[in-house]
Every structure is written in C-alpha cells, then in structure tokens.
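Each of the next two complexes has chain A plus one more chain, namely chain B in the first and chain C in the second.
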Partner chain A sequence: MTDTTVLAPARGVLDQDWRKIVNYGLLLALAEVFIALANMPVGLDDFILIEPILSLGYVSLLWLPLLLGYSIGTEKVLEGVTSHAKGAREVVAGACVGLIGGGGVSGLVLLLDNFDLRDPLVNWSPQLLALLAFDNGVGYGVGVWLAIGGGLGLLGGSMHLIAPLARRVVSTMVLAVVGVAVLETILSDIAEDLFLEWLADWIYFIRGGVSLHGAATVAVVAGAYAVWGSKAVKGAKASYQALEGVERKQANKVSIAVVVAATILLPLVLGKITNELLANVGLFLLLALGLNIVIGLAGILDLGYVAFFAVGGYTTAILTSPNRGDSWPTWIPQVWWVVALMLVIVLAGLTGLFIGAPVIRMRGDYLAIVTLGFGEIIRLLFLSDWLGGFTGGAQGVTNVPGVQVFGLANVRGTDPRAVFYLVAFFCAIAIYVSWRLEKSRIGRAWMAVREDESVAEAMGINTVNVKLLAFVVGAVLASFSGAIFAAKVGSVFPTSFIILVSIVILIVVIVGGMGNIAGVVAGSVVLIGVLGGPKQPGLLQEFSEFKLLIYGALLVWMMLKRPEGLIPNVRRTRELHQDEFLQDAWLKGQIDEGDETGDGGEVAPA
Partner chain B sequence: MTTAMKAKAAPRTGVDWFLLLIKSVMFFFIATGVLLFIFQQIDPGNPIASRLNDDATGLTADQFEGLVIAGLSQGAMYGLIALGYSMVYGVLGFINFAHGEVFMVGAMTGMITSNKLHEAGAWESNFVPSLLFIVLLSIVVSTLTAVVMERVAYRPLRGSPRLIPLITSIGVSFFIQNVSVVLLGPGAKSYPALPDWLSKKRDIWFISIEGTRLLVVLVAAVSMVGLWYLVERTKTGKAMRAVAEDKEIASLMGINVNRIIVTTFAVGGAMAGVAGILWGIMFRSVIHTTGFLPGIKAFSAAVVGGIGNLNGAMAGGLSLGSAEAIAPLVILEPWGVSGVSQLRDAVAFSVLILVLLVKPTGLFGERLSSEDRG
Partner chain C sequence: MSGERLLTINNLSVTFGGLHALRELDFHVDEGEIVSVIGPNGAGKTTFFNMISGMVTPTSGEIIFENQSLIGLDPNQVTARGIARTFQNVRLFANMTILENVMVAQHCRTKQGLWGALFQTSSFKREEEEIREWGEKVLGFFGTRLVGYRLDQPASVLSYANRRRLEIARAMATKPTILLLDEPVAGMNPKESEELTRLIGELRSEWGFTIVMIEHDMGVVRDVSDRVVVLDHGETIAQGSYEEVSTNPDVIEAYLGRPAEEAS
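Now for the complex of A and B:
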C-alpha cells in the first residue's frame, strides 16, 4: 500500500521538529545512563559476542542510539496526510538524537570520575568508569562516547536512505550475527552431535564469542538469505495459504509431523544443560497453555494461577514421598506418580471450582486481585505451622521420587531429557485440548464471554458455568505442571510457589500472544528458554540479574505497542485495533462490505 | 467436556448455593471463634474454651490495647496508600496496581536521604527539620513517579479494553521493583535510629502508645483533612469530582481532563510518599518488595471502604489494619490454630474476599462518582 503512495519531496535539513529531537535525545540519554548504572555493561562484559572487538556489555549501550536514531525519522503513514521522502533531514535528526544520548553517557563518565555515589547506587564503581572510558582516561571516554552516540545515531538515521531491501539485508545480518553469538552454547552443542564441529570451530572463538571470520561468514549467509531465501519462504507461505480443503489438511498433517519429529529428535542431539532448559520451558509452557485458556480464551485475568501449580506439586509430593509431614495418618500409602496424578486432577479441579465460584461474578479487576489473594493464601497456608504437620511448613516436602515409567525409565531431575519427554507429552495433550476446545462450542462461548458478557448471556450462554469451566481446565493443566515439577525437583517448598510465578506466566502468555497456541509456545521458548523462569536460569545465565527487569519492561512495552502479542490471535487483534481497523476500512471505502471481508488474515499493523 | 456441562446444567443455583455455603461457614467460623474467645477471657480453664485449644490463655487488657493500637497505626498507613487507589479508581475506573510501588519509592527516597543526613550528623542534631526535609523530598519523588507513570504507561491506553491498563500496571509495578533491585541492590536497607524522645512509649490519657505510632496516626489524620479540603472545598476538587462523574461532559464544561487526571495521580502519589516515610520510621527497614503487600492490602482497604470513597478508604484502612492485628488472636487462636501470627496476611486477604462476597460495594458505598461501573 505504502509503496504506491506518491511521496512529497524531502524536507530541508533544518526543517526539523527540534522538540521531538530533544525529547528523543533526553530519553536516550536517560536510558543509557540507567543501563550503565544497572550494571549491564560491566555485568555482561565477559560475554564476548565478537572476539576480540565486541562484548554484550558494550552492545547493551550501543543498540539504543542506533534504534532511536532510526525511529526518529519514521513517521506513521496516514492516508490523507502528506508523507515526505526521506533524506538528509532524517540523517541529521538521527545524529542529533545520538549526540544527546552520547552526551548522557559522557556526563555519566564525568560524574563517575568526580563523585562517589556508591552508597545508594550499588553499581557506581571504578570498573564502570574504566569500562566507559575504555581504560584510557576520562577525557578520552567523554569524547569517544559523544562520537559513538552521534555516529550510531547517524548510522541509524541513514538507514532511511537505503532501499528497503538493503535495509532488510543489513538488519538480518546484524541480527543473525548477534543471534549466532548469543546462542553459542546451544548451537555448538547441536553442531557437535551432527559432526559439524569444524563449522563450530570456524565460527566460534575458542574461549567464547564469534571470531571475526565467523561473523563475516554468518553475515554473508544471512545477507544471502535476506535477498533470496526470505522470498522463497514467503512464496511457500503464500502457496500454503492458497491451499484449500483436503490439500491444506494434508499440509497441516505434514507440518505437525515435522514438529513432532523435531521435538522427539532434538533432545537427543542436545547436551544436558540444554535439555534442562527445554524441560523448564516445557513446564512453563504447560502453565502458560493453561493460563492461555483462562485469560486468552475466556478473558479472566487470574493472578493467583500459581495456586493450582502449588496444589499439583504438593499433592504429588505428599502422595509419593516417604518424607511427608508427620500428621498424615499412616494408612495413606505412598503411591505411584501416575496414581497420584489422578488425585491431582480431581483436587486441582475442586480447587478451581472452590476458588472460581466466589470470584466468577466479580468484575474483571476485582477478580484479578482476589485471585491474587487466593494464591497468597494458599501459599501462606502451606507455609504455616498450622498445616505444617501436613505440608512440612518452610522445610517443604522432600525426597519426592521420580516418575517410574513401566520400569523403562525413572524420570527425575538428574535426567533432564526424560523430564523433557514427559513434559512434552503433557504439553502435547494440553495443546490438543486447547486446540479442540477453542474450535468447539465451549471455546466459542468463552470467546463470546470474553468479548462481552452481557451479550453472551443474552445469546443464551450460561456465563457462570462457562467461566468456571475455563477456570477448572486451566487449573488442571497447571496442576500437571506442578506434578511434574515435584518429581523433577524432588522436593516442594512454599518458596517455589510465589506470586512472581503467576506474573511471569502472565507475561509469557501476553508477550507470546493471548489466545494463540503458537504464540504461547513462542513466548515460553523465547522468554523462559532464553532469559529464564523466576528461579530457573535460562540460556543467557548472565542475564539472570536483569531478566525480571526485562520482563517488566517487556510487559509494559507490549501492552502499549502490541497488546495482541508476538504471534497474535487474529480475532483478538481485531478487537484491540478496532478503531484503526474501522478507520482504515472507512478510508478505503470498504466499510459497506462488512468487516469480515477486508484483508482476511492480514490485520492492519499497530 | 460436554458431560461436565450437562452435569452442571442446573444453571446459577449451584454456584449460588455454594456461595451461601461458604458465607455461612465463614460466618460460623468467625462467630464461634469470637464466642470461644469471650469464654476464654472469662475463664481460660472452662471446658468450652479449652476443648479446641488447651494452651490458649486469652489476652490481658494491655495486650489487647497493644494490638488495637498496632492495628490502627498500621491501618492508618494502609489508609493513606488506599487513598491513591481510590482516587485513581474513582476518576479513571481502573486499579493502578503499581501504586504500591510509588509508596516503595517514597520509602526508598526517605532511606537514602535520611542515611545521608545521618552521615552528615544532621539527623541527630536537627531531627525535626531533617524529618520534614525527607518527607518533602519523598513527596516530590513519589509524586513525580506517579505522574511519569501516568504519562508513559496509562495515558496512551485510555479508552482501551478494561483489562489492558490493569495488566500494564502489573508490568509497571514489576518494572519499578526491579529498577530498585538493579540500581540500589537487592538487600534490605535500614533507616538510621530515631531519637529517643520520638520512639519511646508515652502515656497519653489512659492509653500508652509508642511515639512513632502516634506520629503515624497524627500524620494520617492531618493528610486526611488536607485531602478532604482539596476534594470537597477547592475548585480542583470540584473538577476532580466532575471528571469522575463523566469525563466528556466535564471537558465540555471547560475542565482540562488530562490535567485533572495528572493531579489525581499526583495527589495519590504524594499520599503514598508520606506513607512511605511513615513506614520507614515505623519499621526502619525497606526492600524492593516493600510496596507489594502493603499495596495489595491498601487496595483491599479501598475496596472494604467502598472504592472511590475517600473517607471510606481511610476507614477501610483502619478496619483492615485492626482486623489483621486482632483477628488472628481473637478468631483463629481459640480454634486451636497454631502460629497464628504467620497468617496475618492470609487474614487480610480473607477480609477482602469476604467483603467482596457479602457487600461488593464496600462498607461505606462507592462514591466520588455515581456512575455504574458494573
């Protein structure tokens, strides 16, 4: 659409929106100083991206000027509003923004040199000063940061000048190099098992990081992909979307088979640490899939979701461990994990009903806080002396045995691969259940309730029962995760079930895409796998200091810019962007055709 | 799944009966607990009282007085925070989940400045001016936090579906907590010691109360009067009430709605800043999660008092504070529950749930606007 729009000639270099530039610049300066004082540059300095020139610590300061330098020049293309061609003006604007931002860092260097604020600000250290001054004296540091800021801003701004294809090539190259460097552990692991060690040796430097020639190789491959590969992928996608009826079903089957095969084969080539990561991803995915039904489909914001995870974990632990609390009567046997699971399902369902029934008629925001209260109450009860005889109090329940699978395997924490397969099995069940439910009458009822409860009720939906059912299904899925968690870790403590878990799952669901299974899977893999869970380390262990900060920022940013998530649910996107959608349709004169026609699957961008 | 649906085909009534059951059980539990407590007070050895809890000895008058005073002073603090929730809810109709974090920021500001003053020696030599200074600074920083929060996170979302700003505010809360972790470090930090004349116990009239608790109650009362004056007697307050009633019509009347909303956030933030300092001098310790539980409890207080109702918020805070101080000993202990003090927070949440079940509009009714937000 925008390609065909005729652009007005570029504006003059001095015809700038100076106020916007200053705002962006100050924002950049503030963000850079914050990043520096949050210890990212020093904390991540040992994470070498490209040996010997670039560490993740410096990248944490470098990416923002580039991005803001570019985005100062972008303007929302609105129909009916004159759009100008990009030119030197955008480059200058980017450079100015970068310069102000670089000035922020320079100012910080001067402050670091002259004042000691270590008392409240724990990261106010000589190391930070040395790092920011490149071990070269304060004056040098000040000058270099001004130059770096201005230079990167200029570079970002000049991205407007090159053709879209070239821009895509450049960004793909940069992202690929950073990605390959960041995923080093996992990629070299895979390479080793596929007898591609020579490739890993070529790309990676011995002591970590991508070597220069490796980076060049990756960049060339990525660039080639951006030019030719992405077109092929797009073509394949288009031809898939063009398929209809039986053929499409077959294509679906093939792709599902590929995914299943990959899930089964991938852990075999991965090492223990990576499998451990995958197992954690699976546990959180299971939770996220459950929460997705509650919040994504039925639209109930449940902040006490961790309660069901706790019920699953504790029930399993108490039923299978020889080390449970003393107050239990002795005739309760120690049972096989699978038998315990049956009881877990029943108990989780009942807990879901018990928590759900009182809150289900409350308005959405009260419901959120009350469920949060329930989640805390359950944790406090497990922790208390009162029930300590049953739950072990702060000591928790220990010695939880692994899952015996017909004498074939004993699934427990020491064997993350087996745990992953077990989790994957339950995830598959959860995905199948969510998928079938979403397409069923109940799923449609949930979505109707999510959109508008009064209308749903008027349509004859028993909203209370439907919402309760969502609560119960979500509870059962969470309790599966809890049951596996107990067997995996071998013990359960109240501290494993804090509110933080609920919030992290919520973030996973929202960032991935509420109401979309693929989105939830992507969200779990990206967030839990790369950054890590509330207590579980992720692929980037260096980030564990910052991951919660990043989660919080990500949640706010997503809500502001892309509330539908990374991989959105088409129907939800339409609700969230209804205004723009209607306006676009109106401007295009399509409103009369009803809003089901339009672009079909493609939804107006945010 | 369909069988499950059919099994519960008798609509509504099932849930209703269940709720009735919960309510009656809770009522029975509370009433019996109180009765048992009374028996216990009369004679700890009597068979009715000792049936469930052998060790219970009841409370002495002094202990009871101590509980009530602790509860009320804690409650006054909840009330101050609750005002922020209540005002924002009244005007914008959404729960600013991150308001507890504003309170935490206030407490942290006080911690930093009071320690700096302590290092310089001013905290000891000139205590009252120092205290006023940290209160002022804390008000400024908290207000700024609240205003920036509104500008960055909430204003762009005005008019979006109900849950979106709520989820955003959860993110903001999470973010601010972790900003505090990465900038100031994860450990608990302490306030410098208070001068003796403030922290010692005093006998006033017939009660004996710690000076700090007295200060908390006094400051809360003064703030409350100030807020009442602002909302009920000034032009800004009138505008606030108008915006709470109907934003569009208010803007037609020439009221700058955005400015009023910012003012609301600012006033709530200032109250939270004051509460933060009070927390600091009462408990002398802050950590990045300081804002979370008091925040949730203050929200509960706002709901208990009727959200949007400013007097209700303070009254709700006082009742919630006393309930969580007294109820564990008066209701749970006679039932033979051990380690009752661990269940304080659980009691506070139960109060919230009970109030929402029995009277969702709160004890004093929702006000600020009469608009139906059902």
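Now for the complex of A and C:
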C-alpha cells in the first residue's frame, strides 16, 4: 500500500463480518487447546525468556491471540476495489477474536478441573491445570484467560491504528527480544569467544533468560535498527540489484569470498556445542543439496532418499571398522576412509541405477510411493537376519574409525570442528556440481523433463537416461554424507536411517526453496540448526519434543503463504505465481500482446 | 521439385480398444515436398502425427524413414533420426526462457555430459556456444519477435501467435529432415497466417526442410501445399493437388456436403 492510495472512511464498529470473527475465534480456541494438550506450556515452562516474568511455556499460548487479533483486520488492498481506513472496528474485531480464543482456554481449564481424560490424552495433567490457573484456583484462571485473550486480541487489532513504521518498530523489538532470549546458548557462547562476556552478563540473567534491563537494551537496539538500519540494508540491496554485467559479477565474487571466509573462520571462534550443530547442519545440507538435484532440477519426487545415505554409511563402516559382521571373509582388509570413499561412490551409483531403473519409468505419485518403499527396503535389508552376518543386524557396525587426512588429522566425532570442515568441503563440491550442472546441456534437459515429460521426449531427450543420471548424481552426494556420518558418529545402526530422515530432508528442500542452492542452505540452517534433525539436537534443545509438530506446522504454513520457499528459485516462483507474474509483466509492459502488423517490428520496452 | 522418397507408410492401422483411429493407411512424402493432411475433426490426423513421432505405437503396418523402419522407436529416437513436430495445443516449456526452449531441443544433436560440465572443458564451452548460436539463428527466422530482450524471458509471457512461432523454432532447432506441423496457424489472425504461410514456404526453400502439415485453414493449404491428403474415419479418402482434392465428391461429402472452396 502506498501513501497515495485513497481510502474510504473507516467503517462503524458494529459493521463487522461476524461470521469471519467467529471463524477466526474458533480457530484460535482450537489452536490454543491443541497447543496446551500438546504439552507445550508445561514442557517449556522451565525455559525462562524474560526473568522473572515470562516463560516460553506461556509464550506458546500468548502469541497466537496477538497474531490473529491483528490478522483479522488485514485486508488485501486491490486496485479498483474500495478499501476502508482502519479504525475502532478492527480493534473490536481483534478483541472479539481474542475473547473467543481465551474462552477456549477457559473452557479447557473448567474441563481439566472436572474431568479426568488422562487415559486418551497423556498431557491432561494437574500440572497443566495449575499452570493454566496460575496456581490460583479455577475461577481465577477462567477469568484471567478471558481477559488475556481479549486483551491480546485488542492489542493485536490496535496495531492497525499506528503508523506502519511504528508497527515495524514494535514487531522488530518483540521478535528481537524473543530471538535473543531463545538463542541464549549460542549467543553467550559466541560472546564468550569474542571477549564480550560483559555484554552477555548484562543481557542474560544468571540462571537463564533475559533480564529486564537486558530486554530493554535489546528492544532499544532493535527499534533503532528498524528505524534506520533496515533502510540502509534496503538501500544496499537496491544498489546491488542496480549493478550490471561485470560489476555485478565482481559483487557476486566478493560476497562468495565473504561467505567462504566466514565458513572457514567462524568455527574457530565457536565452541564445541555450536560446532557440533554446524557439523549436523552440514551433513543434512549435503543430503539436501543432493535431493535438490533430484527433485528441484529434474522434478523426481524421491521419498526414499535415505537409502543412499544408508548405503554410504554402511559401506564406509564395513570397510573401515574392525568390528564388522562375522560373515566377511578375512582377506577383505580394513581400509582408510578415503579409500573406502572410492568404493562408496561406486556402490552408491550402482544402487542409484538399481533402484532407479525400475522406478524411473513411473511418474508423479506412483514414483513417490515406489521410492518410499525402496527407502524402507534398504533399511530392512541392513536390519535383516539374512544379511545380519555382514551388517550386524540390529547391533549395527561399531568402532568405525575417524577420517585420516594424510596423517595430518584424525577427523571424528570428538572433534566437531574438524568434522565441520570435512563436511563443508564436500558441501562445496555439491554446490559446485549443482551450479555447473544447472547451466549445462544436462541441466536444461532436467528442467524440460520437469516441465513436460512427453514433450521433452518428443524434442529428442532420452528422458529415462536423463532422469537416471539425476538419480545417480543425487545418490552419490547422499552417500558422501553417509560416509562422513559413519566416521563422525563412529557407528551405524539401521535406526539411523529411518524414513523420517527422508522426510526431514524433503522438508528442508521445500521450506528452503526448491531448486535454489541458497534456499537449501537457508532451509538446513533454520530447520536442522535451530530445530534439530530427526535425532540430532538443534539449537533449541527444549523444543526437541515438539520438533515434528513445528516441522509440520511450518510446512503447512509455507504451503499456504509461501509455497516457493524461504529463498526461492526464480523459475519456481514463476510457476507457482503464474497469474501474479503475468500481471506484473503486463504492468511493466513486458507482456507480448501479439503483433497485428505481422512485420515483427516490436518495440522493446524502455 | 520433389526428390527422393523420404517417408513411406504402408498399411498402417491403430486401434484403441475397439476404435479404429487409423485404418490401413498408405502415405508417402518425397524430399522437399510440402504435404497437407486435412480432414474433419476426429478423422485421425493428430493420431497420425503421434504415430510417426513415436508417441503411439501402431497396431500393424510399417513406417519407413530413409530406408529404415521407425516402428518400435521411442519419440526421442525418432527425433534423433530427423523428424520433429509441433503440437496442436501449444506445449512449450513455459517456465524456461525462450532461448532455453530452443537450446534444450538440440539435446539429441549434442553430446557433452557430466564431465564437460563439471570441468568446463574447452569442448564443452565450444558446444555451448554452438548451441546458443543455432538457437538464436532459428529464433531469428521469425524476425525480431523472439530475439533480443526476449531471449531471457520465460516462454509464458509470449502472445498466442508467438508461442506458435516459438514451437516451430523449437522443432527447427532439433535439425530435422521432416517437420511435422500440427495446425501451425490455428488461432492466428488473417495477417499473421498469411505471413506464416510465406514462412512455411521459406522453411522449404531456404532451410531445406520437408514439411507435413495438418491444417484446417484451406487458404493456407491451397497456397502452400504440393499435395493434399484427406483423412476421414482413419482412412485416406483422397489425395492429390488442392484442386483435385477440393472437387472430389468424397471429400465434399466428408465435409458434410460443404464445398471445400467455401470452407476457406
């Protein structure tokens, strides 16, 4: 919305869309009850955000009324449709939504007090009742939740009344305080390494959580950033986009150099825990980059991708460990990791061919289901009695040695920094491979297959070969990750390669931005780094209980609001927002209206 | 002006369930010919194209192209042999750029693989340059419409007529011997179809393509074809010059008694 938009006067307070309000309110009530019964309030109650007033447990219930109270008043401003100015009507609507939502929690308090449903609902506990009633009796709890709901809804709705800049300042402040509080572990770790302990001591309370004066400091800094800083960032971005040709290439080179330098230098100042997190991010990034080739470039929905991770892990473990299954003939030597890697590449490629050959002729949903099956088959083979003598069955393969780097270093799990460097090296290879292949004959063929397989075939592309190649390249990249994983953890078990791994990698690719390397990196950092992998803890260890719930919620939200991902691929955005894109092109005069003259003399837009 | 026999189709039939889409069809094209295939809706014209291009396998009969059978080949192998087609309902790679659309069509004429792309070998770079040049050349056939600033725009922004042109350019990019054009002027205004008619002539005279074309616009058929083949209910009911065919009573009957001249 620009300042020049002419708005109709605000509507009356009672001129409401009551049906919408009830819908939002019931949605809010349902979500609040769900969150409460998913044990978030109790589970996260020990996580103090702001000492002594606020714990993450309460925040899990408080943010939604605020958000929905605000969003009930938002409307799309469309060209040619009358829009009304915001006023008391929006505030009242927000308050009503909040009130209904608060009523939901109050109802839950009453039910908790009078019924015992602990059997079907494990979190139906006295602790939850005590927490929701603020240790103060049921009547008190009911009243307070109605007041909180209505109040937060009202607060959210009144965000419409203040200027956009002020709104941005407030939201930045709130997000910054929550962010700083939630990321306490890593931030104080970094501060310690940078000799900024005094700053951490000022912001954080001794036993966890942000202190009141710390919160105030963070809020002031964030507010100042929202007013001045974001403008500077936007300006820098605009001037980057204005660059052309050689200058832009140079700017790109500089930013790549900065990223590489940061990747090399950052782990040196970070502590062991953070480096461990980064190493996990790297392992999953490597997997996600591989899957991105398969699904993002070639459009093959592979739900059994973990199979190749498993092949890489098991092959490495069996070849390097003294503790492998008994059925191997004794003449097979134990080899160095690097030597094992060669065989890993070959075996992963063969597995890709083996699984791909029957699967690749299928399309769409059929292909997804069959790959899902193969992913499980591989795991079950490693688990089976039949191969137990070779793979150790449920006992897996243990005592996997680390990676000997030419006698210089022994990379293993106890040294997460070294593991991170090793993973980063392979990620760099994967990024290079994706980047080069995308802009090549093969990459174009993948894109054509993704767009329309039958036409691609009619245009002379051997779709089976091309898709198999994507499958194999993806398989080899995943096996690299498996090989490093085996050396890092020191053992492999069938349970490390469950179907959940495939799903998490897929979510990383989708949430990050399918078909875009930067997007995949962002997706791995956000999901694996912050929330954690299927079994690996993330930055927010407290959240690990709710990891899958948050994954799911995030995925649903992304599909609704931003299906192209965090950092999208241009092409994919176009595909998903075809109408808007064409409208934009039309407004910019780029659309081609056809030429009546037929002489081909079109004038390019300025 | 016709030369050697390029494509011979003998006794070709295809059945979908109990339906005879094509019945004992005989057909041939000589080098340098422009042949139009006409017929009422549902006569089997597009099935005929699908069969030549390998998308549908015939139930019986033979298709001989340059003295080799095409039966059993996949569509990509047929294209590699030198037969390229366009589609009746334009099917471009809508989210790829205009240049990429014609670059990707040269897939079967080029051979750089993983190695070249990963190590940026000089042969890889040379081939990329050649692909690009040929792509721009075929796009340039349609004047300035598809080149310049348009090269890097997605195909989805093009007007309907330009999408049809790009589809022809994409088929040309595969370096074919025979071009199969499925209703090339459908949806174009009279001026645009007049221009395209002239260009189809140039496709033969300057680019050396042999052309088989399905078309409903009788004006275009009359102006450009050496020979017209009329299909009805999957059978050839007449063939010959436009004049011969248009006065053939069977043809007039197939078009429900409507004189073919007035249909134009």
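Criterion: the second predicted complex is superposed on the first by the 576 of 606 C-alpha atoms of A that agree within 3 Å, B and C clash if a C-alpha of one lies under 4 Å from a C-alpha of the other, contacts with A are read in each partner's own complex, and residues count from 1 in each chain.
The rule we apply is simple: a residue touches a chain if its C-beta (ideal position, glycine included) is under 8 Å from a C-beta of that chain, and two chains touch if they have at least 3 such contacts.
This one's a predicted model, so the numbers in the text were calculated from it and none came from an experiment.
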Have a look at where A:Arg574 lands relative to chain B and chain C in the superposition and call it first, second, both or neither. second
For A:Leu437, is the partner it touches chain B (first), chain C (second), both, or none of the two (neither)? both
Determine, under the contact definition given at the top, whether A:Ala448 touches first (chain B), second (chain C), both, or neither. second
Counting residues of chain A touched by each of chain B and chain C, the higher count belongs to B
Can A:Pro322 be said to touch chain B (first), chain C (second), both, or neither? neither
Look at A:Pro333 in the shared chain and tell me whether it touches chain B only, chain C only, both, or neither; answer first, second, both or neither. neither
Which of chain B and chain C A:Gly245 touches, first, second, both or neither: neither
Figure out whether A:Leu469 sits in contact with chain B (first) or chain C (second), or with both, or with neither. both
Touching partner for A:Ala458 - first (chain B), second (chain C), both, neither: second
Using the superposition on chain A as set up above, list the residues of chain A that contact both chain B and chain C. 437, 440, 442, 462, 469, 575
Where on chain A does chain B make contact in their complex? 34, 37-39, 119-123, 299, 301, 303, 353, 357-358, 360-366, 368-370, 372-374, 376-377, 380-381, 383-386, 388, 437, 440, 442, 462, 464-465, 468-469, 499, 503, 506-507, 510, 545-546, 548-549, 551-556, 559-560, 563, 575-576
In the complex with chain C, residue positions of chain A that touch it: 432-433, 436-437, 439-445, 447-448, 451-452, 454-463, 469, 473, 571-572, 574-575, 578, 581-582, 585, 590-602, 604-605
Could you pull out which chain C residues touch chain A in their complex? 53-55, 74-77, 79-80, 84-85, 87, 91, 93-96, 100, 103-110, 112-114, 116-118, 120, 124, 127-128, 131, 142-145, 148-150, 153-154, 156-162, 170-171, 174, 189, 191-192, 194-195
Which part of chain B faces chain A closely enough to touch in the complex? 1, 4-5, 8, 11-12, 15, 18-19, 22, 94-95, 112, 115-116, 153, 156-157, 160-164, 166-168, 170-179, 181-185, 292, 296, 299-300, 303, 337-340, 342-343, 345-346, 349-350, 352-353, 356-357, 360, 373-374
